[in-house]
Amino acid sequence: MATVVDSSDPKSNYPIQYRELNYLNCSKGWKSWFFTLDHKRIGIMYLMGVTVSFFLGGLFAMLLRTELLSPAKILMGPDTYNQMFTLHGAIMTFLVIIPGVPAAIGNIILPVMLGAKDVAFPRMNLGSFYLWMFGATFFLAALVIGGLDTGWTFYTPYSVRENNASIIAALLGVFVLGFSSIFTGLNFIVTIHTMRPPGMTWFKMPLFLWALYATALIQILATPVLGITGLLLIVENVFRIGIFDPSLGGDPVLFQHFFWFYSHPAVYVMILPAMGVISEVIAVHSRKHIFGYRFIAYSSIAIAIFGFLVWGHHMFVSGQSKVVAVIFSAITFSVSIPSAIKVFNWLTTMYKGSIRFTTAMCYGLSFLFIFAIGGLTGLFLATLATDVHLHDTYFVVAHFHYVMMGSSLMGLFAAVHHWWPKISGKMFSEFWGRIACLGVFLGFNLTFFPQFMLGTRGMPRRYYTYLPEFQELHVLSSMGAYLLGISSALMVATLVYSIYRGKKAPANPWGGASLEWQCSSPPPHNNFDHPPLAGDPYVMESVVYNEEIGGFVPAECQGDNNGSGTAAGEKEV
Amino acid sequence: MNTAATTPTDEHADSHDHEHHDPRLAHHFDSHQQQFDTGKLGIWLFLVTEVLFFSGLFGFYAVYRSLHPEVFLYASQFLDTVLGAANTIVLLFSSLTMAWGVRCAQLGQTKGLLTCLVITLACAAIFLGVKSFEYTEKAHHGLLWAGMYQSPEHHEAAAVPAAAGAVESGDHGAAHADDHSDDALFEKTKHTLSYMTTVLWAVILLSGIGLAALFKNPNQKTMAAVLGCVLISAIGLQLGAYASIGYHHFGHAAEPTAQEIEMAETVPAEYAKQKEKIPEPKLAGTFFSVYFCMTGLHAIHIIGGMIAISWLIVRTVHGAFTTYYFGAVDFIGLYWHLVDLIWIYLFPLLYLIN
Amino acid sequence: MQMKLFIPNLLANDEAGFWFPPQGSTVAESVDSVYFFILYVCTFFFVLIVGLMVLFMIKYRHRPGVEAQKTATHNLTLELSWSVIPTLLTIVMFWVGFTSYLDMRTPPSSAYEIDVVAKKWVWAFKYPNGWIESELHVPKGENVTLTMASDDVLHSLWVPAFRTKMDVVPGRYTQLWFNATKAGEYHLMCAEYCGQKHSQMITKVVVHETRGDFDKWLKIASDIHKNKTPVEAGEYFYKTRGCIQCHTLDGIPKNGPSFKGLFGKERKFTDGSSVVADANYIRTSILEPQAKIVNGFRPIMPTFKGQLTDEDITAIIAFIKSQK
Amino acid sequence: MSDHAESDSHAENPQSCHVHIVPVKVLVGVFLALVALTVLTVEAAKFDVGSADVIVSMAIATVKASLVVFIFMHLWYDKPVNKIAFFFSIVFAAFFLCMILLDSHAYDDYVQGYQQDKAPAVTAPAAPAPVPAPTPEAPEPAKK
């Protein structure tokens, strides 16, 4: 049986804060990791995989931005450039953002937050990770074979050709990764439905879980269509079945319908979990009950459902018929409403709070800023008349980076910093964390804001070279990209450093009231031995700061010790 | 002591962990009911993904059929309705035995369960056998997907010089004519079919080996069960294949007219029989693209189902299922019914176009 | 449309603004006004959101001894107001976007019709008299409809100054119309990724002041053999009809042999025969490219039968001859 | 219909699992009905009822599918959440189908027009008309 060590102070009736024997070291050897069924370890492996992929995709981005410093050739020729943006897109989408928050952070946090011992199907969970690895291998194969220059969208008939080994490899990768995503989503839905401990009702679930639930719905309902699309495109490439290839009577516009039926909802797979993270982070670090809980929860579900009905707005100039374009434009606006509701609720949550600018909160606030721009610029693209001009320009590039890269990754970074003490049991340097956050925020905006102007002024996307008048903005953008790259590296360095040199983390460093803060940092193998008692996850008054421990403890414990249950802690951040 | 202090009030030592000695209950579940409900929701969600997976293909079908009805009208005549209907009934029967098997499992009737599963497996194999005959026959007539499609009228046109060549008994001409004589086509189909069933045999065998390797500490009983499954699958496959080739040969060779024989040499008999032919539309190959994609993907699901059923058989032999632990049978049953369900739609959509 | 009032004053003239290139077509004005309408709404909301955020960040920052105050955790009126007001605004946005989209996508019944064929990575504009040109010439103030088709992959025709764009899809037509309002030259580019030289698939739109100017241009252009020397005409065809995609002038072979020093050289074919490249050989190669394949190349060249007249081919031969 | 509330299960013996068990009679009955419907649909297909053909065969298939789903797959007796899940998959698939059908029909004129233009020795009108329904008397279209 595990030996429990309370690192803070052995005397008290405080809950155990730091646990020497935890899920990270309860068993040793590579087998204990590679064949683990523990959702937390699987999540850690995902997190590492996602980080590696992020830096690979980021490296491609740096190289692309370097090439775009000048219209002339700097590093690479057009073919290499085309392959690089394809891989940048494919890796960032399928290997980083889609599994980022749900599979990595969600896996670690969801069962703990829910009060369950594990996800419903631990084996399938591990299988999903191996599918991810397998899919990533296919992508690497495509990289090694070379010649994958279709763009991550694989539009036909460009993606149907003679010499197609790398296309097939990449499509197989997409197919496999799709199943990885489906398994994660399936696991989450079933876990949330059937593994809730007594007392954890639907409306006592933290909003992060609602967001993950909505995400999982999309993963289950949309990803199979991507699977069949990828499969059919492979078959088209191998056998020439003539359903996408116009030379055999196929229809390229139909391919785009198939592709976007998944890939538009996939955008919400990327952003919804990030929104869930922000709901947690803003409430906890403002020490306030979340405002409009039900509206935020329902808006997650609404986004998931509306997200399915709007894929056609990627195709306003594709040769799609007018009537369908109008229908899709109309429905597209409906998605903006739940997003607006969330943003206003977050703002109101901060009202009269006690806002601490921890690194996680800094990322959360950056998210608000970036998501405001990303979301609002979406309106230009949902509007038919303006989209015709803006489609396939840098405006679109900027918009989706603001949403997918800016917002989703800000969400991921916020999540990593918010739950890092829980995951690793160590506190990272808030100073360096905030420096990195500032760098990421400035770098990001410097990279992508000029691209809005590039787009409206007439710079199409996926251009290797460009008209000379665009150079200034491109240089600005590249400078931002370098800053962004360096800052992300600094962020990871800060976190990794904390593993070796960080202070031991208390169970509840930020003062969250949801269940994951009730178990020690890091959690034991089984999370909870008895089903924990779930209360309202946003009653921040239920925990108070304790200086001895350096973290928050339940109010009733504090009362037992020194009777000052209301004094706010001098939280050094 | 492994007590996580989840809340400070949880002082008493709870011995929850010690209840989990039941090997049939995973550690993270509290009861069999919870385990079963969890699995059930899981499999239903999986079926949801399957439905959407196939919806892509049905989407294609709908688009192409509604835009080019003439293609479907023309091309579906090359599919043998009798074989399709027979296969439908075989699959329906397997669904019945599967449902019956689930019932047996729920009641704890191990023998009944085993019988039902074996029949289901055999039916699945028969279905595959018939399907492999159909594929072989299509391939011989050049009725393949759009990229490989050869018009039957092309055959017809080619048949005349080929026949002339045969009369002149040139080397090449003779070989060509030989290919197209009725008996030769039958032999050729039979030959290719046995080749195809051999491949499927290999697939079954490999799956069997893979399946056997999955079991921890396999014993003789396991091996025997796996071997049994492989044999049932292989025999069922042969049965289906040769029953359909027999049907095809004798069904059509009965009192053929001279003209029919001539036509049958080069084009499918069904087509040859028609007095007034529907002109061949453009894109006729697209129908076969759709046909092969839909039935091919369905066949892959059948193979997957056969592997799963074999796994159930092995576990049944070991007496793994009881009245409170039968989830696996139920879940695989649900999957099997869905495969059946898809075929219920595929059959009229592909075979019954008038 | 009364939408014009949304365009800021500094953009009311035709000069390039901060956001957009100068307006060159009738729809540009309504597109810009929709854009600026949305921009104003968005700016308002952005300032509101970020302003409140910064205000709260300063006012409610954590201070020792000051706890967060308990406030209401929900308020239906607030929730409804920030659901309903944006909804109404988006309905307006949809409506204005929708109406100008219809204008943009409904070709007028009488229009000057030009056929467009896009292929990797050139545009070919076919005028009603059959003349094919790689630049788009149109008269000012006249409706022009482009009927577009692609020979290979997806392309997209975009004229930023006209604020209009349409994909060119293989296997079908797509249509686009505009009415240019200002004479001059504009960029026309491919906006849908189409491979290696996607970024070089840029050409010009030349808007002629009057229909007379345009007709005059077309007449001169069509009479290429009268107005240019054969070598010049050949060079023109070389550049505009796709030869340049596969045949270089610098001696480095691409998909096809280079034209440099080609004339008079012996050509060896895949079937073992060989011939000296003379005028006859070149003519055959253009009309029946699959008949003889030079060693080391694939049989991928399409035939130009019906696309080039005898005179055109003579000019091309003269041009190849001039590439020593 | 679902014979279990979740709360029951916690209170009861963990070694029990309550589900609805379908009687053999019902199973066999359903199978016979399915076979009968299969025969019916094959026979129905022999009558030429024009475009109603698809509707008839799909209606029969849907009846068959419902029998399988509700009886063989126990959905009738199952928890509401499973019913809803299955129902939603159908709804989303149907929406997807409707939109691609609507769109592909709306732009089909452009495809048909192009194909008529490309067909040798056939000049299509500038504004392409929808393709006429195929008639058996129509001349054989050019191949390849």
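The first chain written gets the first letter, and so on, giving A, B, C and D; residue counts start at 1 in each chain.
To be clear about the criterion, a contact is a pair of C-beta atoms (placed from the backbone, for glycine too) under 8 Å apart; a residue touches a chain by one contact, two chains touch by 3 or more.
Everything quoted here is computed from the prediction, not taken from an experiment.
Undergrad: In contact with chain A and with chain C at once: which chains are those? Just list them.
TA: Correct list: D.
Undergrad: State the pair with the higher C-beta contact count; candidates are B-D and A-D.
TA: Result: the pair with more contacts is B-D.
Undergrad: Which whole number of Å gives the spacing of the CA centres of chain B and chain D?
TA: Here the centre of chain D sits 19 Å away from the centre of chain B.
Undergrad: Using Cα averages as centroids, what's the distance between chain A and chain D in whole Å?
TA: Centre separation, chain A to chain D: 36 Å.
Undergrad: Nearest whole angstrom, what separates the Cα centre of chain A from the Cα centre of chain B?
TA: 39
Undergrad: Please work out the Cα centroid separation of chain B and chain C, and write it as a whole number of Å.
TA: For chain B versus chain C, the centre distance works out to 49 Å.
Undergrad: For chain B, jot down the residues that touch at least 2 other chains.
TA: Those would be 34, 37, 41, 45, 48-49, 51-52, 55, 59, 63, 282.
Undergrad: What positions in chain D touch 2 or more of the other chains?
TA: 10, 81, 88-89, 92, 96, 100, 104, 107, 110-111, 115
Undergrad: On chain C, where are the residues touching two or more other chains?
TA: 171-172, 174
Undergrad: What pairs of chains are touching here?
TA: A-B, A-C, A-D, B-D, C-D
Undergrad: Which positions of chain A touch chain D when the two form their complex?
TA: 193, 198, 221, 225, 251, 253-254, 257-258, 261, 308-309, 312, 319-324, 327
Undergrad: Name, in rising order, each residue of chain B that touches chain A in their complex.
TA: Within the complex, chain B touches chain A at residues 1-10, 14, 16-17, 26-28, 34, 37-38, 41-42, 45-46, 48-57, 59-60, 63-64, 145-148, 282-283, 285-286, 289-290, 292-293, 297.
Undergrad: Across the complex, what residues on chain C touch chain D?
TA: Against chain D, chain C makes touches at 113, 147, 149, 171-175.
Undergrad: Quick one: in the complex, what on chain C touches chain A?
TA: Of all residues in chain C, those touching chain A are 16, 18-21, 27, 30-31, 34-35, 38-39, 41-42, 45-46, 49-50, 52-53, 56-57, 60-75, 78-79, 82-83, 86-87, 90-91, 93-94, 96-102, 104-106, 152-154, 156, 158, 160-161, 163-167, 169-172, 174, 187, 189-200, 202.
Undergrad: Any idea which chain D residues touch chain B in the complex?
TA: 4, 6, 8-10, 12, 14-19, 21-22, 24, 27-28, 30-31, 34-35, 38-39, 41-42, 45-48, 53-54, 57-58, 60-61, 64-65, 68-69, 71-74, 78-79, 81-82, 85-86, 88-90, 92-93, 96-97, 100-101, 104-105, 108, 115, 133-134, 136, 138-141, 143
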